[in-house]
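Same chain, two partners: subunit A is paired with subunit B first, then with subunit C.
Coming up: the complex of A and B.
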């Protein structure tokens, strides 16, 4: 097509003359600097912060992984699932079984394969993914709330299995989770003893880094996925299944894949949960957990990876922090004293926060963050003109082509 | 077909005719289409018109695989469209723009258009999630082509704007652009100018003409705007109550007494000239106008 080449030439010249290069450079510099800064703080934190925060941090990292996974399914693809707790349980139980030792503790005779924890982790992720894949044909037949209720069935089945399959799950009382280790390096208190800058690096410190790496990897993978061909297909599938299929997306296959990926995330999150608590029990994988995960992604912002991470932070850390600082927060008393119990207060606040966020910012914490970012960039307020927004957003959206590469060619 | 070649387009060799043969579609007891047959010649603009409920959209849904025909065949060259799933039909180069815009409002124009490249690209979950070089390269190559197509439909400066904030006319153009991004051999346009003003309608008509002449592909469109249909189409098929009542050039169809009757309820006692005029504009008592008429009833 001759005019195609003509428009191409016109376009590239227009691209070369595109205004606001300073803005683009300023923005593209600011973001990496902030990211590096955040990463450095995260890496240095174990040197300065007490164990409570590191343990909370690891729990949060686990929740972040799980929430990102659920958000891929519910937020991005629009497949409502209440079964997330079940997939978490599959991951956790598999890890404990594969890497745990056989033996009898008290009443129950436990069996375990005693394999290296890394294998247990991988098996947990894979088996959970498989469970999701097996469930995905249901999603081909059901939509919306019906799919949600059908997925509820998995949680009930999961609860029954957790309570009754004692040799694997430990039954009603649960079972302790084996310490994680990687090629001989244990994520425990000793073996080897480790000091960094005079600070002893024990279990909490080590797990912090493990969590950081896993959560970061989960975050990056999901973000890349959403900006890709597959991500676009998933998002269109949410907006209109007919449109997606007419545009060439194999809807059934994509639903199966997203269930697979989402439940693999859940599996990993389940393993991290087991490591964080040090044990598993049926009550940790009940319906309430599924609902809390839904709250995380709605609160954070449906369809946003960063939002899911923020929501997970909020929901999983808040009760722990309240518990710890119960005495300093007004109206909250310690155990046995008057006033609200700490856990209760956390729940009130958390409930209130959900209502407020959904009421005032349907796009969730991610939408809130985006609004602040826009305000900071454009202090004049109001809507940016389409021209400048087009120019600036070209550095934030990776579609259709890689922004840095695009910048270098024009 | 002579009418097609006189339009001045180079008809590409790889574009077969679309043959619709005795297609029937039922919804329970209701026959939405009964034994409809027509043929879309390669490289032509073929309009399907008819009053509301005539089965035009049903026909489109059969062509794109959304509905299954109860009887009959739809052939596109050697491919049997009536036996294929929608994504497979997209894969052999049949693209569709929706009447009621089916875009992802939160995503940018570029992202919506990139969906059109879906069947031309390969990157899967793993390649995308790990940002493997081949996925990045693929995105870049296809991003260039998408930008060209956007430019062609005057969307070049809106590539990074979320679709949701665009005007209605722009969104309609994004629909058409997305269909074009699949590099179709057959383009199905479902009321591409519905709700547009006169100027936008004229621009869209011009774009459709250019698409046909530059790409040499076949275009099938459903449209209510009779002025546009009559000036744009090489061939017109008229449906009424799920049956084909006429098929021919715009001039032939306009004179067809069955068509006049369909558009006017009962045409017997009406002056034929006036009736033809009404059929042409889609209004009961309208004059020739390029403005979008209300949906004829």
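Coming up: the complex of A and C.
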């Protein structure tokens, strides 16, 4: 797969005299322009849209980070993990513990270190990574489905710890998350009061930018990782462990590292989740969360970073939007009005979408996008393109893999 | 000592139920290489059908119909989805069953709501005593029925033509197909058998000492996962041993929870997973699973 795209990229860069050289140059210009445009829109959005969308946006950014991390593990390396909710929980709890204040709420005696939130965020990411690293010796020994079920265990163990370690996690009722601040600038409603072009920048607006930066960083890091030597090694690992080890890839070490990276992503996502909800509770980190993350990456397209982001957007925003527009979406009603509750309607949709994606388009949304792009670029089916698409389609039937766009855009 | 004996007895009976569910996993895995994450909601479907139907048509017909519904659902999943994905990677297959599970579970939870549906077992909530050692009658009957079903299964697996063809296709699918064994039929039958086992397990799982049918039955069913994995996913005997081990571990952890308080309340619920991870550390393919060999 990567070879096919690599040769294709080389060909298109070397073949200046090939037909349609202008399109190639035009495309290389078009893409950054579009990206910049999208970025400008994202940056300007808080000036125009209402708070609901910004809050949803921050939740989506958090989910994007988590989904990219899970996709590195499941999509790129082929290690089925249902433990993502556990690593999210580690990140969120660490943040709340490190940055939260000691004190009691009701009967619960909470302890906290009261350190700056930035430290809490970093600690959350690191500790989550550490948890992944600790689990990786088990993970590296297990293959495929055994790993999937073993990681299921982590979620339940995590639930138990969340419920019983009251002084740190707040127990069954959870505890509130301290608001984020960066060198004295809080991401809360006031302090300092901030107006940009006459628009008050309150918590939702500030968090939007935080989320945008974090999600963008997560996206770029993962994309570069996949294009690096390590990324290629991970993909080889997914396709065949034997072949990978013959090629000189240290299987155990790479598996441990990808677990580390993936759970660090999850940790960051957990911290963002705590910030977006404003509190943490055990029920936010149940098996269902793991399954939803799995749904995100399957829908988006296994192995594709952009796909994971798309899937995360879809899965995390849909229930919220259904809830808000319950009156206008067909079949969906508010609680107690008959009809489906928003969460339920969304879940039916995810379930159905997963089945359809696995049955008909294993490369997910990213695969669909790639298909359209290929069609638009070359409606007649030129020699190079048809060969590369043949290579991809043959590889997607066996293992869902990267869309061809990923390698060829370089 | 009496406490120990009664925990032992309860553990065995719980283990027997787990073994039924785990056996279903293993049969499905052997026949179609699928790890069925649908099993938890299939079980809940069985329990729900039995509970809902026993009012209008009586208990025993309801059990028959409920088990049949569960088996039918399993059959449909196999025919409509799994059968079309023959040869797909194991992970894709597992994910697709998760998709089915999401739909089925959402629907069932919506129907059950926050109620606890009662299943009117004719044997009621009484308990059976030998001296000081007691066990609920429901569990006792469960153990007997499970032992009977498991025995029946192993006989069928060994001697019936279905059993032979299933073992053959689990051994080497391609060769079996060349010998005229219909893979699709073997796999469909395996799902039906697993559905029946899950339905029967559901019947007993929601009886005393459990209060009735509630969404938490799903979580209980999930604990059969460790049982199947512990024994080795492709070993039917392993499922039996795994089920018993998990049942015993859970029963003892719950029974001695006062001594284990430093680990937190409700520790019994997570013990199955801890046991599983512990075993997998030393035997990555479970206790009786075939080691995966790679030939270069």
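Basically, the second predicted complex is superposed on the first by the 358 of 410 C-alpha atoms of A that agree within 3 Å, B and C clash if a C-alpha of one lies under 4 Å from a C-alpha of the other, contacts with A are read in each partner's own complex, and residues count from 1 in each chain.
In the analysis below, a residue touches a chain if its C-beta (ideal position, glycine included) is under 8 Å from a C-beta of that chain, and two chains touch if they have at least 3 such contacts.
No experiment lies behind these values; they were computed from the predicted model shown.
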{"item": "Touching partner for A:242 - first (subunit B), second (subunit C), both, neither", "value": "both"}
{"item": "Which of subunit B and subunit C A:225 touches, first, second, both or neither", "value": "first"}
{"item": "Partner chain in contact with A:318 - subunit B first, subunit C second, else both or neither", "value": "neither"}
{"item": "First, second, both or neither for A:233, with subunit B first and subunit C second", "value": "first"}
{"item": "Partner chain(s) touched by A:130 [first = subunit B, second = subunit C, both, neither]", "value": "neither"}
{"item": "Subunit B versus subunit C as contact partner of A:257, first or second or both or neither", "value": "first"}
{"item": "Common interface residues of subunit A - those touching subunit B in one complex and subunit C in the other", "value": "242, 246, 398-400"}
{"item": "Contacting residues of subunit A [partner subunit C, same complex]", "value": "74, 78, 80, 137-138, 141-146, 148-150, 152-154, 156-157, 159-161, 163-165, 241-242, 246, 287, 291, 294-295, 298, 340-341, 344, 347-348, 350-355, 358-359, 362, 398-400"}
{"item": "List of subunit A residues in touch with subunit B within their complex", "value": "1, 3-4, 7-8, 10-11, 221-222, 224-225, 227-233, 235-236, 239-240, 242-251, 257, 261, 303, 386-387, 389-390, 393-394, 397-402, 405-406"}
{"item": "Subunit A contact footprint on subunit C (complex, rising order)", "value": "35, 81, 84-85, 88-92, 94-96, 98-103, 106-107, 110, 222, 225-226, 228-229, 233, 263-267, 269-270, 272-274, 276-277, 280-281, 284-286, 292, 294, 296"}
{"item": "Subunit B residues touching subunit A - in the complex, by the definition given at the top", "value": "64-66, 85-87, 89-91, 95-96, 98, 102-108, 110-111, 113-119, 121-125, 127-131, 135-136, 138-140, 142-144, 146-148, 151-152, 156-161, 178, 182, 214-215"}
